[in-house]
Amino acid sequence: MFIHNKRLQYTVRVGETNPALASLLLEQFGGPDGELAAAMRYFTQGLAEDDPGRKDMLLDIATEELSHLEVIGSIVAMLNKGVKAQLSEAALKEAELYRSLTAGGNSHTQAILFGGGPALTNSSGVPWTAAYVDSRGEPAADLRSNIAAESRAKIVYERLIAITDDPGIKDALGFLMTREIAHQKSFEKALYTINDNFPPGKLMGVAPFADMYVNTSQGEGDMTGPWNDGEQWTRVDDLDEVMPADDGDGVPTVKLTRAESTAATKLAARTQSVPDEDVQTGADLGAGPGAGRVTGGTDLGSAPSIAKAVKPAK
Amino acid sequence: MFIHNKRLQYTVRVGETNPALASLLLEQFGGPDGELAAAMRYFTQGLAEDDPGRKDMLLDIATEELSHLEVIGSIVAMLNKGVKAQLSEAALKEAELYRSLTAGGNSHTQAILFGGGPALTNSSGVPWTAAYVDSRGEPAADLRSNIAAESRAKIVYERLIAITDDPGIKDALGFLMTREIAHQKSFEKALYTINDNFPPGKLMGVAPFADMYVNTSQGEGDMTGPWNDGEQWTRVDDLDEVMPADDGDGVPTVKLTRAESTAATKLAARTQSVPDEDVQTGADLGAGPGAGRVTGGTDLGSAPSIAKAVKPAK
Amino acid sequence: MFIHNKRLQYTVRVGETNPALASLLLEQFGGPDGELAAAMRYFTQGLAEDDPGRKDMLLDIATEELSHLEVIGSIVAMLNKGVKAQLSEAALKEAELYRSLTAGGNSHTQAILFGGGPALTNSSGVPWTAAYVDSRGEPAADLRSNIAAESRAKIVYERLIAITDDPGIKDALGFLMTREIAHQKSFEKALYTINDNFPPGKLMGVAPFADMYVNTSQGEGDMTGPWNDGEQWTRVDDLDEVMPADDGDGVPTVKLTRAESTAATKLAARTQSVPDEDVQTGADLGAGPGAGRVTGGTDLGSAPSIAKAVKPAK
Amino acid sequence: MFIHNKRLQYTVRVGETNPALASLLLEQFGGPDGELAAAMRYFTQGLAEDDPGRKDMLLDIATEELSHLEVIGSIVAMLNKGVKAQLSEAALKEAELYRSLTAGGNSHTQAILFGGGPALTNSSGVPWTAAYVDSRGEPAADLRSNIAAESRAKIVYERLIAITDDPGIKDALGFLMTREIAHQKSFEKALYTINDNFPPGKLMGVAPFADMYVNTSQGEGDMTGPWNDGEQWTRVDDLDEVMPADDGDGVPTVKLTRAESTAATKLAARTQSVPDEDVQTGADLGAGPGAGRVTGGTDLGSAPSIAKAVKPAK
Amino acid sequence: MFIHNKRLQYTVRVGETNPALASLLLEQFGGPDGELAAAMRYFTQGLAEDDPGRKDMLLDIATEELSHLEVIGSIVAMLNKGVKAQLSEAALKEAELYRSLTAGGNSHTQAILFGGGPALTNSSGVPWTAAYVDSRGEPAADLRSNIAAESRAKIVYERLIAITDDPGIKDALGFLMTREIAHQKSFEKALYTINDNFPPGKLMGVAPFADMYVNTSQGEGDMTGPWNDGEQWTRVDDLDEVMPADDGDGVPTVKLTRAESTAATKLAARTQSVPDEDVQTGADLGAGPGAGRVTGGTDLGSAPSIAKAVKPAK
Amino acid sequence: MFIHNKRLQYTVRVGETNPALASLLLEQFGGPDGELAAAMRYFTQGLAEDDPGRKDMLLDIATEELSHLEVIGSIVAMLNKGVKAQLSEAALKEAELYRSLTAGGNSHTQAILFGGGPALTNSSGVPWTAAYVDSRGEPAADLRSNIAAESRAKIVYERLIAITDDPGIKDALGFLMTREIAHQKSFEKALYTINDNFPPGKLMGVAPFADMYVNTSQGEGDMTGPWNDGEQWTRVDDLDEVMPADDGDGVPTVKLTRAESTAATKLAARTQSVPDEDVQTGADLGAGPGAGRVTGGTDLGSAPSIAKAVKPAK
C-alpha cells in the first residue's frame, strides 16, 4: 500500500516561469526514459517477483521513482504557473498570449490542452505509452533492462542540465540524475547476485551459432575488435557460408493438405502475373506530354539535378 | 547500401499450417523485442555513430537482424499459407472458415485484415511502434540498451520454443535465439572496450546521492542484499531524512512577475472551493431510494461481500 | 513523497490459477478506466492545483489508486503464477503449454511477452496510453471528468464481478468497485463546493446559441424530453434556419495576399479536373471480361445478393 | 443515414492566413476534446442505445458535432490556404518557405505531410485515436462522460478564443464553444431523467467501504472539506487500519496445483539471488578512475551541486 | 538474406549543420510515407507472395528502400552532428544550447531524447507505427496501395526540396524523389499484368449497387463529372430512394433468445429515461447567479459575440 | 452541414446474436480500411479542396461512408445485444458469462470495456487512429490513395462475407462491398480527368534515375517482367554501379564550424572504443560454469538442435 507526504523528496526552487522549458522537461515526466516509465517498470516487476530480496528492492526503487515523478512534475507546474493563470483568466492581449505559446518547444499544447498542468507526454507531446515498459518476467533479462533504462535516464537528465541555467532547477535535476546512478548500481548488484545469469533464461544456445560473428556489412570501413575477433569468435566473412547457416537450401517450405493445396492453386491462377507482354498502365494514361522527357538539364538554382526537373508550363 | 539474396539465413521447414501459432510467432516479427525492433535499434545507432569499430559492428548486426526478420516472417507466411488461400478463394464453408479463424491467438485479424501475410504486429495485434527503439546517441547507454534488448529477445524465443513441437520451426527458432546470445556478447565487448563507461555520459553525479539507498518500501518483507547494504551504501530507513533530501522545506516554489501574480490571484478567486459548508451534489440528486443503504448483507453467492450489494428491485 | 508498505490495502486470496481470467482483469490494471489511469489523472491534477483543499483530496485519492493498482496487479500475478513457472521452466509438453496459452482472452501475449507479470495493457493487449488521462487544468471541467471516470471504472468492475466466481477475487473486486463509488462522491462534493461552476471556465457563452437545440437527426424516432424541449430550449426543427446559424452565407472565406492568390491560381490550374469529357481509367484497363456484367443472379448460398456475384471462372 | 449540405452551420470568415494558428486550432479538429471525438462518442453510444429518447438525442448531437468538425476544419483550411499553394507551387524562395513553416506551433508537419489540409491530429501533431472515446454502454456512466467531455471542450475553445484576435475566427469559436454548453445541458437533463442513477449500474457497493475516506496523503497541507469530512464520511487517518481494509493479512496468495508448485520451485531455484556475498558487477568493471570519487565540490556555474560533478579530464 | 555495403546508394554532401531542418526531413525517415514504411510495405508483401515475378520485384524494391532509409538517415545525422557533440559535451553555455534547440521544428526532442541520431519519428516527433503499412495480401489491392504510397512519397520529397537550399541535400532528395517515380511505374506495370484486376478480389459486386452514385452532399456546389454522371452511372438525387437502398424499412433488427430478451427487458427498465417531467440537474446546481443571463452584448474587443460573454465579477 | 435520418442506408437483419462475430466485423467499423477511415479520408480532402467538382464528389462519398459506418455499427450492435443485456444485468451464472466472452475473437474486451456497443477498434481491439488517414493535399496523390483504400476495403468485406453464413448480414456486407467498387470507379474517373497526373505534383524527376531498375535482390528467383525489363527500363544488375548512383564516393559528409568540430573531437575522445585489447565483460562475470560449453548435443526431443541446449542442472 502506498502512503504520501506532501513534502517533496527534493526541494524545488524555480527562478522564473518558462513554459517552453517546461515542455522540454516533460521528457522526464512522460517521456520514454522518464520517471513514470521507471516507476512502472519496477512496479510491474515487483508485483510478479517471488524472490524476497529482489521484490523488496524493486518496490523500494519503484516507490522512489514515483517521488521523482512528483519532483519533476512540480518543476513543470512551477514553470507553467504564469501561463496557466494568464491563459485561463485571459489576462493578456490575444497577440501576447499567442506569442507566449509559440516561443518554442511544445508549450502550445501544454497550455491549450493541459492548461499548464504537467502532462504525461514527452517533449514533442507524444502521450506516454506502456510500450515503454519492457518487463519480461525473467530477472536476468529484466535487471539488464533496468540497468539500461537507468543509463538512458541518466543521459537525458544530463542533457537537460546542459540547457538549463536556472540554479534551482539545475540542482533538482542533478539530484534526480544522481539517483539514476545509484539505482543502476543496485540493479547491477542484483544481477550479478544471480549465479549463472548469462545467457539469461534456461536454454544455453545451439553451439555452432553462439560464437559466430557474421560480417554482413562489408566494404570500406570493415573493422575488427573484441566484439568480432579473437579466439572466442568464429568470424564469417564469406556470406555464402551462411546462406543458409544450416545444411538446407535456404528456401521456406510448408506441407499443405490436399484441400489447402487446391485452394492455393486457384489463388495462384486468379492472381498470376503475365509477365511476357508489356501492358498499358494507369501511369501511361496519366502521363502528360512532358512525361516522356523527364529532364535533368541546366542549372536553375541551388541543386543541379533539380534544376529543370519541372513539368512544362502549359 | 543493402543487397538481398533470396536464400534465407536459415532454412525454414514447416510441418503443417497453423494460423494460431503464426499469430503467436508474430511476437518476434512485429513485437517489442522482435527482429524489426532489433534491426532498427542498431541501424539508427549505426548511422549516427562516428567510432569506426562500433559503426561497423552496429551495421553488421542491424543487417543480420533484417535477415532474421525475413526468417521469422517466412515461418509465419508458411503457417498461414493454408488459411490465406482458403479465405481468399472462399474454399471452405463459411462456418468452417469462421472456426479456423477463431481457434485461438489473434489469427482472426491476421487473416481478415492482412490476408495471411506476416504483419508487423505483436501477438495481440498491436502494431509495431518506434517507441520500442530506445537509441539515445550515447554509446555507454546505447550498448547497455542493446545488451538488455538481446536478453529480452533471447527469452521470448525461449518461450516460443517451449510451446512449439514442430521440429523445423523449433530448429529455426533455436538458431535465432542463439544469435541473440552471440549479439549480446558482441555488445558486451563493445561496452567494456570504452574506458570509464560508468556512469554513462560526462557528469559523475552529486556525491551524497550516488551511494544513498532509500528504503521507501517498508513493513514485513524488508530485506538486505548487496544492492542496498554494505560499505558502499548509505542506507536511509528513516524517511523523514529525505523529505526532502536537501536542506530545504520540500515545497515547490516559483517567483512570479507582478502580472503573473495578479492573474494567479484572479484564477484562485474564480475557482476556489468553499469547504466550510456541505453542498448538494449531482450524486445526491441521482441517488435513488436505495442509495442510502449501501449494503453488505447476507451470503448470496460466491463472494460474501457482493452478496446483496444490489440495487433493490423496483 | 511516496512511501510503501508491502501489505496490500485489501487481502488477495485467489482460489486457483487462470491466465485467461488474468488477461480479462488487466482491463482495470492497464485499461482506459483502470487504476493507473485513475492514479495519473488525479496525480497530474494535484501537482498543478493551488487550492489547498482540492490539492489534498487529489493527492489522497491518487495515492489510494496506486494502492488499488497494486491490488489488481497482485490478483493478476497470482492467476498467472502457474503459467509463469511452467512456461519458463518448460515444465509441460509443448502442446500442453500451447493449449494453456490459447484458451481464451489475450493470455498468450501475457505469457509469451510479459512472462506472466501484470502488464500495463487492457484486456486486448493494447498498451496503456496517457491519451486516457483527460486532465485539463480547470477544476470545473476536471472534477466532472473525475466523476465520469469513477462512474466508468465502477461499471467495469461490476462487469468483472459478473464473470468471476472465485470468491476471493470477487471480494477484492467488490472492495475496489465500492471505493470508486466513494471517490465519485468526493469529487461531486468538491465540484459543487465551487460556486458558479457552470458553465465551467470564465466565458458564459453567446446568448442565442446556449439554449438552442438543433434537431439534426429526424425521421421516425424523433423524440422530445427535458433535454430538447421545454421553456429553457429553443428547438430548431427546420434545419435551413441553421445553415448557417448566423446571418452569413455559410461559405468559408479567407483574404489572401496577392502573392498567395497568384500561387493559388497556379495550383488550381495545375490540378484542375476537366469534367466535360469522359476518360479511360485504370479501372477500365484492369476490368476483365466479366467486369461489364456485375451480377446479382440466382441464389447460390445463404445470401441471395452474394449468390453469383463471383468472377466467372476462366 | 447522413445527408450533407455544403453550407456550414456557421459562416467562417478568416481575416488572413496563418498556418501556425491553424496548427493550434487542430486541437478541436483532431485533439482529444475535439469535434471528431465528440461526434464519435455520441454516435457509438447512439447506435447501441435502445431507449428511444436518449437514442434520438445522441444522434442529434453526434450529427451536429460532425457539422462542427466541418466548421473548425474549414477555418484550418482557410488559414492554410496560402502556405498550401505556395509550397505546392514552390512559389517562394526555399528560405522563405522554410521560415514560414518554422514560425511556431506544428505547422511544419501540417504543410509538409498534409499539404495544408486539415489533419486529424492535435496541436502537437499526435494523430487522433479512438482511445479518446470513452463510451461504456451504461447510460448513467456514459452521460457523465458526455457531460465531462463537453466541459473540457468548452474550456479548450475558451483558451483558443483567448489567443486569437481575428474577429471572424473568434466569432465562429464563440459559436462552437456555446454549443458545448448547450450540449452539456442536454446531457445533464438526460442523466437526471434516469431514476436512481447513482451509483451507476446495478450493484450498490459494499457498505463499509462506500463512505470511507482514506487520508493517504498526510503531512503539512492536510485539509478537510465536504469531500472527506462530515457525517456521511468515515475518515481513516491511521493508515494501519486499512493495511488491509479487510480482516486478512494483506498478503496475496493463490493455491497452486502440485505440478505448478513443482515448476515454481524450479524457477525460484534457477533465479534465486544470493544476497549474502558482495559481487563484482558490470558497473564495477566499467567505472573509470574517477568513479570512486563522485564529487560535489566547488561552485563552477549556476548550480552548486552540479559544479564539479564532471568526469575528470584524461 | 541481406548484405550491406557501407557506401551509400547516393552520396550525401551537407553544407552546414541545421537540426531544425533535420527534424523536418525525418518525415521521410520515420513518417507515414517515409522509407521505412515503404521498405516494410514491400517486404511484408514479398514474404507472402508466391508469384515469382511479383515476389522478386517486391524484394528488389523493398531492399532499395532500405538503402534510401540509409541515405535520408545519413543526411539527418550530418545535419545534427554539431548539436549532438555540443550537447553531449556541454560545449556551449546553457542559454545558447537552449536557443539552438528551440529554433523551430521538433529538433528539441531529437537532441534531448535521441542525442542527434536519426529517430524513427515523423516531423512532429510521432513514432513510426506499423499502422502505416497497409499490405492486405491480395495483389490487386496491394499494388494499388503501393502505387498510391509512391505517389505520396514523391509529393513529400517535392515539398522538402522546396524548402531546402542546400545543394547537396537538394541533390540527394531529388534522387530519392525520382526513384519513387520509377517504383510507381514498376508497380503500375505489375498491376496491369494481372488480368481482370478490377474489381480486386474474387467477388464482382451486387449488380444494382455497383453503378449507383448517391448524391449525399447537396445544396449549392452540386456538380457533375465523369465520376457521377454519364451512361455508366445511375445517379440518386432523391435520397429517400436509398433510405434504405433495399426493400426493407431501414431499421436494424436481431432475433433474441428468450433469455436474452428477458435480460434486455430488465436492462431497459433499469436505465429508462422518464422524459415527461423536467428535472433538476447538476448544471442547475452549479450555475451561479450569472448563469441565467448568458450574454452577447456590446463590443468589448475584436469579436462582437465574445464581447461580454464573460462571467460577472464577484 | 450534416443532417441525419434514423433510417439506415441498408436494412440490417441479423439472425441471431454472436459477440465473437461482432468483434470480427469491427474491422470495417474501426479498422484501418473501415468506414470511419474512409469517411475521414474523403472529408479532410474535401474540406481543403478548391476544385468544385472534386470537392462535391469527396463530400458526397465522405457522407455516404458515414452512413456505411452506421450500417456496420448497427450490425455489431445487434450481434452484441444479448451479451450486453446479460452482462449488465448479470443474467447468467458467472461461468456462463465468462465462457460467452472467451469464445473467440476479441469479444471479451468489447463486452467488458465497451458494454456491447460498437467500438472504434479493429478486430484485435486496436483503437482507430488517424494514422490510417493518408490525405496529402495533392489530388494526383490523394485520388490514388483513395483508389487503393477502396480496393483494400473491398477485399476486407469479401473476406468477412466468406466467414459469415447469416443471410441478413451477408446481404448487408454485399451492399457495402459493392459500394466500395462504385467509389473506386468514381475516384478513377476523377484521377484521369486531371491532365498530366503522372508523376503527381510539379517536379518531373531527375532524368537518369526515373527509368532505372535496381536489381537489389539477386540469387535464385531473379525474374524479369514489364516492371523491370523492356525498352523503358535501364536495368542495373551490377550493384557496384549504384554504390553510389552518382559520381561521389558514397560517404556522407558535413562541414562543421570550428566550435562544432572541437566538440566533436572531445566527444570522440570520451567515447572511443579501444579495440586492441580484449576485455572482461558483464557477460563473462555472469556466465555460470556451463557457459563455456554451449551445447548442441544429442536428440532430446522434437528438434535436434534444441535437444540439450539446456543449462546443466546444479
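Order of writing sets the chain letters: A, B, C, D, E and F. Residues in each chain are counted from 1.
Going forward, contacts are C-beta pairs under 8 Å (C-beta built on N, C-alpha and C of every residue); 3 or more make two chains touch, one makes a residue touch a chain.
Since the model is a prediction, treat every value here as computed from it, not as a measurement.
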Both-way neighbours, i.e. chains that touch subunit C and touch subunit B: A, D, E, F
Maximum centroid distance from subunit A, chain identifier (CA atoms): C
Rotational angle, Cα trace of subunit B fitted to subunit F, multiple of 5°: 120
Chain located farthest away, centre of subunit D as origin (C-alpha): F
Between subunit A and subunit F, centroid-to-centroid distance (C-alpha), Å: 21
Subunit C and subunit D: spacing of chain centres that average the CA atoms, whole Å: 11
Subunit A: positions in contact with at least two other chains: 1-9, 32-33, 53, 56, 59-60, 62-64, 67, 74, 77, 84, 88-90, 94, 103, 106, 113, 115, 121, 124-127, 129, 131, 136, 138, 140, 147, 155-156, 161, 165, 171, 174-175, 178, 181, 184-185, 189-195, 198-199, 201-203, 205-206, 210-211, 216-217, 219, 221-226, 242-244, 250, 264, 267, 270, 273, 275, 277-285, 294, 302, 305-306, 309, 311, 314
Subunit A residues touching subunit D - in the complex, by the definition given at the top: 1-7, 50-51, 53-54, 87-88, 90, 93-95, 97-98, 101-103, 106, 108-109, 111-113, 115, 121, 124-127, 138-140, 147, 161, 165-168, 170-171, 174-175, 178, 181, 184-185, 188-195, 202, 302
Residue numbers on subunit A that touch subunit C, as the complex places them: 1-9, 30, 36, 40, 43-45, 47-48, 56, 59-60, 62-64, 66-67, 69-70, 73-74, 76-77, 80, 84, 88-90, 113-121, 127-131, 133, 135-138, 201-202, 269-270, 279-282, 285, 311, 314
Touching residues on subunit F, where the partner in the complex is subunit A: 140, 191-192, 194-199, 202-208, 210-211, 219, 223-226, 230, 243, 273, 275, 277-279, 282-283, 285-291, 293-297, 305-306, 309-311
Subunit D residues touching subunit C - in the complex, by the definition given at the top: 5-17, 32-33, 52-53, 55-57, 59-64, 67, 74-75, 77-79, 81-82, 84-86, 88-89, 91-92, 126, 129, 131-132, 134, 136, 138, 140-141, 144-145, 147-149, 151-152, 154-156, 158, 161, 171, 174-175, 177-179, 181-182, 184-187, 189-190, 193, 198-203, 205-206, 209-217, 221-228, 232, 242-257, 259-260, 262-264, 266-267, 270
Subunit C residues touching subunit F - in the complex, by the definition given at the top: 20-21, 23-24, 27, 31-33, 94, 103-106, 122-126, 155-156, 159-160, 162-165, 216-222, 239, 242-244, 250, 264, 267-268, 270-275, 277-284, 294, 301-306, 309
